[in-house]
Structure formats: C-alpha cells, structure tokens
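Here the chain labels run A, B and C in written order, and each chain numbers its own residues starting at 1.
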Amino acid sequence: MNTVAFAFTGVSIAIVSGSLFAPFYKYKLVRIVLTIFRSIHEIFWAFIFLPVFGLNSVTGIFAIAVPYSAIFAKRFYEIYQSTDLRACNELPRNSSPVLRFLFGALPLLYEEMREFSSYRVECAIRSSAVLGFIGLPTLGFHLESFFNEGKYSQAFAILLLFYVIIGTKKYWLRRKLVPVYFLTSIIFVWGNTHVVWANIVRFFTYDIIPWPMRRDGFINNTKQILWRPSETIDWFFTLLRGEVLPGARDTLILTQITFLLSGVFAILFIGLIVRKINKPLSRKFNRILLLVLRSTPEYIIAYIAIQLWGPSMVPGIVALVLHNSAVVTILTIRNADSLVLPLDVAKGKINCFFFHILPQIYSSFLGNLFYRWEVMVRESSILGVLGIYTLGFYIDSAISDDRMDKVIFLIMFMSIINIVIDSVSNKVRSVLLE
Amino acid sequence: MTVRYLIFIIAVIFLSVLFIRFKQDESRGAGEKKIQFTAIPDQDESRLTERFSQIALYLSKETGVEFVYIPVKSYAASVAAFKNGEVQLAWFGGLSGVRARRAVAGARAIAQGEEDKQFVTYFIANYRTGLTYSQQLSKELEGRTFTFGSKGSTSGRLMPEYYLRKIFNRTPGKIFKRVGYSGNHSKTIALVQSGSYEIGAVNYRVWEKELKEGKIDLTKVSVIWKTPEYTDYNWTIRPDVTEDFGTDFIDIVQNALLSLENRDILDTFPRKSFIKADNSMYDAILETGLAIGIFDE
Amino acid sequence: MSSTLSHLNLKNFTFSYPQAENPVLTNINLTFKDGESVALIGPSGAGKSTLLNHLKRKTPQSSMIHQEYLLVPQLSVFHNIFMGRLDKNRTIYNLINLIYPLRKERANVQRTARLLDMDKFIDVQCRKLSGGEQQRVAVSRALYRDSSLCFADEPVSAMDPENGEKTISLLTTGRTTIASMHNTELALKYFDRIVALKNGGIHFDLKPLDVDAGELKELYSE
C-alpha cells in the first residue's frame, strides 16, 4: 500500500512541479539543473533525503518526486514543442496568457501528457518498491526481510503482488479514480510525516561541507566552519584517486559488458518473439516472460542473483542484461512485426531472421540500445549498494560512515558521468535515426 | 458496466482500509509523549522484533513512559535516526555508538551487556578451505574470498579489519581475492556455510546463539581464530530526553536496564545481564576507527 | 514438372479478403502449361496481384518479384541477390556469407547481376539505389533463385524502356513465367499468352496475335 501511495504522491507532485518548470526548460540554467536532478537515481535521492527527513514518507515521496519532476519538465517541454499549436492563435488576443494556455494549448497537449504520466506511474511504482531495500516501508522492505530470513515463499508472494499491481494497472488507473487515489495517498502518508527543520538546516549548512573545513570546529566542539583551501583540495584528490576513479572504472566496465550482452540477448529475444517466424503459442509465452523481466526492477533481479551467487560482477551483469535486453526487445519488436517480407523468402527461421528481419530493424534496435545506455550507467552505479564495487558501493560506504560531504561529492561526480553518457547517446541516436 | 462496478467496489475497499489505518495512527499519535528507540539490525529482523518488543514492554512498565521500537534496515539508518532525534534511545554496536555520540553532543552510553566488556570476533571458514582452529591467524588466508558483516559493524567489520591490517600489514582488499559485506552476522554465517565466501568474520554472541539453536552445521563451517577482547554493544540515550521526561529520566532508564532480571528477555540478546557503561569505555573503538580511516580525524 | 503446374489449376476459383464484403476474384478458371509465359493485364484493382500472390503461395519453390520489390534496404546488392538461394545452402554457410561474402558466391551473384548491368553496384546498399535499380535487384534475386516457375508483379514498372525489355526477355525464356503487366505493348511482344482480368473475372484469354486494339480499349474503359 505504501508502495502505491509513495508512487502516487511522488508522481502527482512531480507532474505539478514538472509542468511549472516545463515553460522555462528552454533556458540553459534550468535545463542544466534539471538534467542533474534527472541523472541521479531515486535510490541516491533517498540516500540524500534519509538523513534530512529521516525514515518517513517524506523521504520516499521526495526521492521519487525530485527526479520525476525533472523528467516531466523535459517531456512536457518536448510535447509542447512537437505539438501544432496554431489553433490557440485563434483565441482572443487580449486574453491572459494563462487563460490562453488553459483553453488553447492544454487540450491539445492533454492526451500525450496523460499517456506519459500513466506510464510514469508504473515506473514510480517500481522505483518505490526498490526504495524499500534501503529501509522505507514499501514492498521492497518486506521482500528483503523475507529473503534475508530465507522465507522464499513469502518473498515470492510479495513479488507476485508487485506483478499484480503493475499488470492490472490499466484496470485500476482510470481517469475518474485519479483524484480518489491522490487524496487517499495524501491522507495515507500524512500520518507518517514528521520533518524537523533543524535537521534540514544542519544537513545543508554543516553535514555536506567537506571535512577539512569542519575538522577544527568538530574537535574543539564549536562546530565552526573554517576556510581551508589547500587541505580541501587534498581531500578532493584523495577521494578522487581512492574512490571516484576506481568506482567510475568499475561502473563503466559493468556498463559496457552489460551494453554488449544486452545487445546480443535482445537480438536473440527478438528472434524468439517476432511474429513472422514463430508459432503463436511459443511467441505468447516468450512475450509474457519478457514482460515479466521488463517490469521487474533490475535492482530486485540483482538482489536475488546476489543471494544466489554472492556479490560479484556476475549477478550484476545478469540482472542488468536480463532487464535491459527485455526492454530493448519490447521497444524494437513493434518495428519487426510491421515488416512485410517477400513471399519467396527462404524457409528456415534463422535464414529469414538474419537476412530479412535483422538488417531492417538494426538501426532502430541500436537506437533503443543506446537509449538504454544511459539507464545502464545509472543502474550499474546503483548496484554498488548491493556490494559490487561500482560508484554506488563507495556511496553506500560513505553513507554508512555518516560522511555526507563525501556522499554529495560522489553523487555529483556520478551525475556528471551520466550527463556525459546521456549526451553521447543522444548524438549517436540522432545519427542512427537519420 | 461490470468492470466499472468492480472498480468502484475495489476503490471503496481501498478507501475504507486506508481510513481504518489512518484512524489508528491518529489515535496513537494523540496519546502522551513516548520514547522511540531503535537498534542496529545486526541479525535477522524477526529476532530483533521479538527481542525489542519484549524490552519495550518491560521499559514501559518500569518507567511509566511508553517505549516504541522502530526497526531500521541498516546501521547507517539507525545512526541517522538517532542523530535526527527520531529516536531518543538506541542499542548500538561499539562503532555505531561512537559514531552516534560523536554526532549528538551530550549523548551518553548508559548500559552494556556483561559480555560486552570482553567481546570477541570469530573468524570462520568453510570446510573446503581445510583450515582449522589455531592461536594465530593463518597466513593461508591470503588470496581467498572473505566477507565482513555490515560495513558499520564493530565485531563484523571494525575489529576484524583492524586485526587483519595489524597481522598482514595490508588492507583487506590486498590480502584477499574478494572482499564482501554480507550485511549482518546471520548472513555471514550462511554465506560461509554455503561456500559463497570461504572465510568470514562474525560476532561471537550471534555465532554461539545460532550454534545452540542448531542452525550451524559444524561439518561445513568452523571457527578458525578468535580476536583479542574489546568492548562492544551499548545502550545510548540522547541528552534532550530530560526536557520531555524530567531531569532524572536518564537515570530512570539506566536503572531499569541495569535491574533487568527477566531471563527470557536477556536470552534474546543474549546477555547475562546489563551493567553500567560510559562513553570512555569506547575510546579504544574510536582509536581503532581512526586508525583504519572509518572516522575522519 | 507438370505436377507443379497442375497445382496451379484453378477451377471456379473465388477469393475474398477476410472481413471484405465483395470477393476480389470470382469464378476464375485457369490452367498453365509447362514453359509457357503468361501476361496478366487489366486495369488496377482487377485482382492481378491477388491472383499472383495466391498462385505463389501454392508453390513454395517458385520465385517471385514483388511490386514493392521487398528488398532489404540496409543490405548490399550482393546480399539481396544471394537471398534468392538461401534454402539451397546450409544455414551456417549463409551466415558466413552474410558477414563475409565468400569469393565463390560473389562470382555466382556477379554473373547473375551482370545480366541486368547491376554487377557494378554489387557492394552498394540497396537503399542508395534508384527505384529502377532496386527493381533490377529484385528481378536479379528471382533470376538467381533459378526456379523453373517465376511469378512477377509489375516487374518493369520503374525501369527505363531498354532495361524493361531486357528484363522481360530474360524472364520469358527458359521457364514458366506468370507476370502481371501494366505495359501491354511489352506483354504482346514477348509473352505466349495474354490473360485479361476485369472486375475480378477473366475478360479474355488469348494468344497475343489474337488480341485486337478494340478489345484492349474495352478492357481499360470504365
């Protein structure tokens, strides 16, 4: 219940603030800030908010709302850009811009915005479930507890419940019911909010200041902050050498292995579910399997894999590859199914697949794979929390040492990597789609 | 039509369930002030809940103030909760206690288990390694796989890492082929027993308790070394409880803990009894933490 | 061979697409002889393509030139022509040629491509070719398949007259060919038999010499 409530409240806040930011998305500064927000995974946001708000609903909601606001702002802006708005020019010139927007533009944009929001609710439910792993009271919390104690049947039941919630989304997510859900979610999480202003202030003005600047004040207990440039630079470089670079290296290795294998597996999966060369029954079966893989957060797959094999790169790779290749397959399969093949095409599935189908979908397939690239980086670093030595591992260690200065520094660095990868993948995709 | 009807019904059920829960929350919140306390999640959650719901009842009865146990998922979260004042009292390990008291000026360690004065860590090994118990930590450890408990644990991380560095003169990452953090002591035992890791470092109280309960198969995993003794677990309390519950409240809680004689409760920890503790008893832990770089200095 | 062709005999054949109201073809009676070249003519919508597709489905071994070519635009001319014989080789052999065309196969394909002057384009991606060139690749693929029975749906629609004639003369010699033809002039010149379709039925079925201008005019009139 908490899972859905967090997701709903988070998304609702994100829609509102996303819409507020969307008109300003064309300004560079806003864009940069929002890109940074977007590039930090929900779990890391939760890590940041945890010491600020404590273990309560606010942490969960904000961890979802902040990155999602940035996502909504970007997407709404894109929708606005790509919609033909000539109709609203017909409105009276002297009416206020707000009114013109509400009566002119909104109805045109509404359908697409609604569709995207509904899709994001599903994503938010997944994120919210994963937040349970770090201690918020969502499905992931119970899943982890049951797994830890070897109660596999209960763990499986929780997983099943999760699939039911996601799978039946189109039956319960109705327009008329949205206000009902929204209100109940708010009421539901309200009882569990408790924010101490002093903690927030302390976090932003003290905890995240680099240690060398806090050191003297800490030792003589005055909590004074002193300006120590050379020591602070030393501190940065020690961090960079000791944690950031090895973490970044492992993150990128994991990402690249995942990237390649996801490609290979996605091709295999496409071959198994493309309409032209598979029997309807086996196609259906494989398709359901893929949908399950797609809707299971990779964090949960990785968690289960690590329970089985212990923490190393392998379970991380398995989790990321399974999830991402399923996503790429499902994104690409529509193209593959719409192909028209000649009637004198040779018998034999493999021939047909490699000669007729694959070459024709290859560029859209690569486009989708590159689209997931940035997601893979973000997820690779997240898996560090589970004990694989990626950036997330060092962030988790810093959290566990209560060194928020380090946490912020590492997260910032990770965000830069994500932004770089994101822009590279956008470039590659625009070339591919030409 | 039927689908719509179904949705309506489900929505009504959803709503009513929420309202019932909400009502409960409210009635609880409207009551008198209460003490919330937490504990480091060093073992399986169901055991922690069992242990701490019993002691919550005991403390509520003894002090006349309601005590509520708040479970958390990580050592870091327990420290953060203490630091933020979400909980006023906590059962910490040596390391997390030091960390919490460093973060909250005036916080005091008030009690520890009798065994916590001379706490040790066991190094355990899977049977396939062929390692057996010895007085010295065997050099054959090198190049194997090794797991600590939680990153923030005293007996599962701080002390074993300290002794590993002292004996091998290298960081654990350089001694072993692979170093992991299982998360808690029960998990460490399970991982080494199953062979996922060849060696592990575990809290001796947890080991002995699981041994007594028959959860450990000695043909698969055994103790190969014991660390020297150190001071571990403690009850730590925030100074600001005196504002809400009176100036002598810390003493009341301390006395209640020290006079705890109920064997059932003590066995869940498992400790013979609780004895007086103070902050200086954990200075050695602080030193060790500084030595291996867990604390900033 | 006659067994393949007897497969193609149609008796009172009626065909309609699922969910369509009226049948596309009604009461068609046709038989084909070995080695014969048959041109299907008639206004668009008469059912020529439907008839060809139906006949093709009955004979998996035959080759087919589609109206829309149905080439794989991302692959080279070599690969697209090579596809004509995929079922003659082992799968693994095909895949090797997909990644690295072997010299022997290149030579074979080159020989077929030369017939329509496509040998100079052999390494060019198909999507970079003009419509007429693409159609020549589609014809080459069918020729390379080397089947004794070939179906062609408007095989020269996008070609210049010279290549068009060359293509038709290649298609109508040495095999049984059934082709729908927009260009009646070429049809009358090269084919053994002309079958005219109109409104889903056979309008006439004659030797080219017996077809007169009046009948053609009537065929294409509303």
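Definition applied: a residue touches a chain if its C-beta (ideal position, glycine included) is under 8 Å from a C-beta of that chain, and two chains touch if they have at least 3 such contacts.
As the structure is a prediction and not an experimental result, all values here were calculated from the model.
Colleague: With contacts counted as defined, which of the two, A-B or A-C, has more C-beta pairs across the interface?
Modeller: A-B is joined by more C-beta pairs in contact.
Colleague: Which chain has its C-alpha centroid at the greatest distance from the C-alpha centroid of subunit C?
Modeller: Centroid comparison gives B as the farthest chain from subunit C.
Colleague: Using CA atom averages as chain centres, what separation in Å is found between subunit B and subunit C?
Modeller: 79
Colleague: What's the distance between the Cα centroids of subunit A and subunit B, rounded to whole Å?
Modeller: So the centroids are 32 Å from each other.
Colleague: Taking each chain's centre as its mean C-alpha position, how far apart are subunit A and subunit C in Å?
Modeller: Here the centre of subunit C sits 52 Å away from the centre of subunit A.
Colleague: Where in subunit A do residues touch at least two different other chains?
Modeller: Residues of subunit A touching two or more partner chains: there are none.
Colleague: What are the residue numbers in subunit C that touch two or more other chains?
Modeller: In subunit C, no residue touches at least two other chains, as defined above.
Colleague: Note which residues of subunit A are touching subunit C in the complex, please.
Modeller: Listed in rising order, the residues are 340-348, 350-351, 354-356, 359-360, 362-363.
Colleague: Inside the complex, what are the residues of subunit B that reach subunit A?
Modeller: Counting only subunit B, the residues touching subunit A are 3, 7, 10-11, 14-15, 17-19, 21-22, 25-26, 29, 44-46, 70, 72-77, 79-81, 83-86, 99, 103, 105, 145, 150-152, 178, 180-181, 183-184, 186-187, 190-191, 196-197, 294-297.
Colleague: Please give the residue numbers of subunit A that touch subunit B in the complex, ascending.
Modeller: 1, 50-51, 54-56, 133-135, 141, 144-145, 148-150, 171-172, 174, 177, 180, 184, 187-188, 190-192, 194, 196, 199, 211, 215, 221, 309-312, 387, 396-397, 399-403
Colleague: How about subunit C: which of its residues touch subunit A in the complex?
Modeller: 53, 56-57, 60, 62-64, 66, 68, 70, 72-75, 79, 83-87, 91, 94-95, 98, 142, 145
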